[in-house]
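What follows is a pair of complexes built around subunit A, which joins subunit B in one and subunit C in the other.
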Partner chain A sequence: MTAGLEAENAVRLPALSVRDLRVLLPDSERDIELVRGVSFEVAAGECLGLVGESGAGKSLTGYAAMGLVERSGLRLEGTVNVADVCISDLGGRRLSRIRGQRISMIFQEPSVSLNPAFRVGSQIAEVVRVHRRTSRREAWDRAIEALRLAGVPNPERRAREYPHTLSGGLKQRAMIAMAISCEPEVLIADEATTALDVTVQAQILDLLRELQDRLGMALVVITHDFGVVADICDRVAVMYAGQIIEQGDVRDVLYRPQHPYTQGLLDAVPRAFETAAVVGIAGTVPPPDALLTGCRFAPRCPYAQDECRVSEPELMATGRDAMVRCIRHSDINLPGVRRAV
Partner chain B sequence: MTASIDSSPARAQTPGRENGEPVARGVSPRRAMLRAFVGDRLAVVALLVLITMGALALLAPVVAPYDPNAQDFSQTLQSPSREHWFGTDDLGRDLLSRMLFGARLSLGAALIAVTLGAALGVLPGFLAGYRGGTVDIGLSRLTDAIMCIPGLILSISLIAVFGPGTLQVAIAVGVAFAPRFFRVARGAALSVAAETYVKAVRAAGAGHTRTLLRHVVPNASSAVIVQASLMFGMGLLVEAGLSFLGFGAQPPAASWGALLRRGSGFMVEARYLSVIPGLVITIAVLAGNIAGDGLQRAVTNQRSSGR
Partner chain C sequence: MLNMIMRRLGAAVIIFFLVSILVFALILLVPGDPAVAVAGENADADRIEAIRSQLGLDDPIIVQYWNWLTDALTGDFGNSLVTGESVISGLTERLPATASLMILSVSLAVIGGVPAGLLAGLRPGSVFDRGASVLATIGLAVPSFWLALVLIMFFSLDLGWFPAVGYTPFTENPWNWFLGLTLPAITLGTAGMAEIARQTRAGVADTSRREYVQTAYANGVPEHRVVGRHILRNASIPIVTVLGLQVAGMLGGSVITETIFGIDGIGSYAVQAVSQRDFPVVQGMVLFVTIIVLIVNLLVDISYGMINPKVRSA
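Right, the complex of A and B next:
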């Protein structure tokens, strides 16, 4: 019965909703905008990909959604809701209670994501004890169960080991176990597979998908790898220079991209059995403090015209749940991903 | 949220053993550090020297051959002999006995100074390094202000207020040490706070107090321990210096520095009176530094091979 109610709730409210999120670096003259008004929603059981090249602001968006910008001097604006709780208004203790319990995050470098001074199991058990009133014994059992769920073989034994004795893949599984130990509604995976080799990558992606199904989590996958996006995501938001420039269903974005930048990213994916050189995007991401008028991609865009440099384009809805930030999206015809020969 | 984590039945396993084979529990980083230290022969010898000195100091009433303050005017300024291993001073007191009792003052003062310095400096340092921002700026500027005053002058002025004596010297040196401990602790916490695992536990919902005490402190403390062992040698030296200047232990009690000072008056007639205390101070300080360096090496080795 509770499950039914929860399911009903999930339909009405997205598990994670981010509205006009801005990350500002206060500066003497004017604040530098690192993330420039990002909005997205992820429903329970859904997977959203955040893609973009380095410096696009995708990881920062993830951290900001968690409120993890302390010590950095950055300022946050906008609202972040986990189901019905607005966590961007919370601070201190109340925010800590949500983190790990309802929204969790895993990180790029599994080798430095676990505290080297403690046994793997006790770190996970600690998270359980932060959020749930359980005895040490129960927390430890739960930690082992989380490790088992995260596909760690022989979890009773692994739980008693120190992080440095584990391989990269196992460490990432341990991190995932820690993140899901309290069954959060939202999991943000920040380049969670980037540091792993390809076979382990695939296993971790399978694991994430399996856990998502099992726990009904909303998943946000931050990556620069379209392979990962194609593999696991339902929807994708492409970020450039701190903004979402295109958003939509994965198939649509991959096969019928509407923004030239998305096309550029797709062209830059290397492919097996193809002798043609990978085509990069000329130029670099403009620094966040660059004073640009018009479309921020215009300087690098092969389709740019004078009108592109006049004013910054809005995010325009182009279909059900499809949005693009390009005034020429209906004029230009982009080929999308080139199919393997 | 329908599926539960607690679904698998197999949970009760005998801890420590599994399928009959002993479970590899893994080596904790701290134990790895200890192992590296034990493998460092020079450092172990240095530590043993210090431990021996400490034990002799503690056992002084038992092992000392004479009352350190008993005067024997028939035996003044005797060179080292079978009766008086380290000789006697101008009042016929046995130097070995005086050195043994002096060790209590010298080593004790150094220990108190290091403990006090650590107690005052370490926690604010960890806090400043972990929290950053205004907390860091405030505490760091305060430390800078204290550090502007030369340590010796600071110690002497504190002694001027509280009067001479070993405890006063120890406290003064401890206060002068606190900023150094603060800086080391702050730096260590600063680098640990930037680690991903700190971000990870924050992301998992740990509060600031828990993050600081459970995750930052254990990983930053090795630098502080190394610093403490190095400061011990420095504490000995400063105490000896202040005692030499007459600020420390008051007669008839005498720390090593005070013995050195008294001996310096008889450089011609009885060289051993200043050479022996000087040599012992040198050995103790050197042992402290070598042990500290060994600890430092053990920490860095453990770090480079640990991950």
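Right, the complex of A and C next:
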């Protein structure tokens, strides 16, 4: 009986669950909040997009979920759970055992993310040996297998090469191979395709989707590009100034956005065969230490009224798994994406 | 890799020849007649003539250079003008003392400098980092002759722990060898230790911020492995560079240190030779030191290739 219940619970637990995550930069007067209370969940086999401009705190949210921010002198509040393990309470060796094994991350710049001094295969094999009790030989074989899974042609030969001999796309595939070498439940991809050629970008996105299917991973895609979101994500959370301002199903957010900022981002996506100039959002993201009352987007918002500047809006549920942080969301009617992205 | 070593070796040979020309030209730069300078002002004409032909000063310069170089390459640097002893045996006799001093000084610099720099670089801005960087600045600023005198006064004269002067060969008594060289090695090694600590700190602090270090952490590589394997390996290039420079610098510094501590090594031999205008000894010594520096530089280049795979193919 109880075993059955536990099994059921385990199935229902989201692979990654982030609760009221805050990242603070300690300061002599008052701590500066860079990420201001972010919460989301990602189920196994699901892909969540975290979208926003530079400085929105989306990458920092990813790093925080990995427990990678404290090394830079930042403070973390809130909880991060990978399935049933609360990793935000862990540190040192116990956190190391989770990272790479149950939750992994790939980064924006593949060209500098591999250690130039070691062979590609030995860097992947090191990760395998850190997490699994295997011989050197088995770890090396597993590294080659991971490279093959990541679509690296001729993996036996590539494994023996040094990173500087690989192209950017191959390096990112090697990074992915390293991240999935121990079959983690959660993979965070931080702008993983931004530094790559457009054609390679599409291949890497295909690869991520394929690996997600094969391994049943929860995938978090951090990007500034709504094209990537439309391509790969099931759900999307739009971030602005350290907060989630809208969250929901990808199709809903793309075609029926509720927050003026989301509409602004959609309008800023350049599209092929369209001669009209891309419309940017006027103004810039307020600095994290700006003292603002009311909605943090109000200074840039074309729909802002006096009531918007009174108090900071809460994230309001507007449907099944749909949320928006805008008090005027039911008054304004946003067109959404004007053509297929 | 072999290709790279051969090219560096070729460059070393060219540098050696250029230095040999300069060394040879040393004798031409002596104001007035070198033979007179060597013989002294009160020497008679026969004596000057004898020295002139002993030095081969009657031959054309090219011939003089060629004879000198071919002799030098077979290990014959000529004879001391003062003692008549052959220069090469003068050097080899004194080599063990200087080599011992160098080995201890370099070891001290590395054993003290690398861990201090590593700890400071991993925690930039910490109390340890700030303390270490103050000490390193002092270590670089303190003149070695002053340090030597302070060490002698305190540890030899007051406490009597170490002898103030003299050198005991290792084969004779290893313990006394060590005791006798401790203060000279501290004198000679302190600046090197400070410089190595600074370079290690800078290298480690810089490497720690690299994305590949983050990758290692993100994939669960434990901290001791990240530091020992990923950070130290990449931070060691500036460390090796400065180590090579330190060895060359310490060879120069040994002149002062050996003189103060009464060690009859290459350094004090050089002081003697210069003050007595013993040109063959000075020439032989410069060439000898050049070869050592070239070998050290070659080793540094080879270790670059071992640390950084990009250098191997470059």
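By our rule, the second predicted complex is superposed on the first by the 326 of 341 C-alpha atoms of A that agree within 3 Å, B and C clash if a C-alpha of one lies under 4 Å from a C-alpha of the other, contacts with A are read in each partner's own complex, and residues count from 1 in each chain.
Please note the rule applied: a contact is a pair of C-beta atoms (placed from the backbone, for glycine too) under 8 Å apart; a residue touches a chain by one contact, two chains touch by 3 or more.
Bear in mind that the values here come from a model prediction, so they are computed numbers and not experimental data.
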Subunit A as common anchor, with subunit B and subunit C clashing or fitting: clash
Contacts of A:Pro116 with subunit B and subunit C, given as first, second, both or neither: both
First, second, both or neither for A:Glu156, with subunit B first and subunit C second: first
Residue contacts on subunit A - larger count, subunit B or subunit C: B
Which of subunit B and subunit C A:Ile144 touches, first, second, both or neither: first
Partner chain in contact with A:Met105 - subunit B first, subunit C second, else both or neither: both
Partner chain in contact with A:Glu185 - subunit B first, subunit C second, else both or neither: first
Contacts of A:Asp249 with subunit B and subunit C, given as first, second, both or neither: neither
Partner chain(s) touched by A:Met66 [first = subunit B, second = subunit C, both, neither]: both
Partner chain in contact with A:Asp267 - subunit B first, subunit C second, else both or neither: neither
Where subunit C runs into subunit B (options 7-15, 25-33, 43-51 or 61-69): 7-15
Touching both subunit C and subunit B, counted on subunit A across the two superposed complexes: 66, 68, 71, 92-93, 96-101, 104-105, 107, 109, 112-118, 126-127, 130-131, 162, 164, 175, 178-179, 182
Touching residues on subunit B, where the partner in the complex is subunit A: 1-8, 11, 13, 15, 18, 23-30, 131-133, 193, 195-197, 199-208, 210, 214-215, 218-219, 306-307
Complex contact set, residues of subunit C against subunit A: 210-212, 214-223, 225, 229-230, 233-234, 307-310
Contacting residues of subunit A [partner subunit B, same complex]: 3, 6, 66, 68, 70-71, 73, 92-93, 96-101, 104-109, 111-119, 123, 126-127, 130-131, 141-142, 144-146, 148-149, 154, 156-157, 160-162, 164-165, 175, 178-183, 185, 214-216
Touching residues (chain side subunit A, partner subunit C) in the complex: 66, 68, 71, 92-93, 96-101, 104-105, 107, 109, 112-118, 126-127, 130-131, 162, 164, 175, 178-179, 182
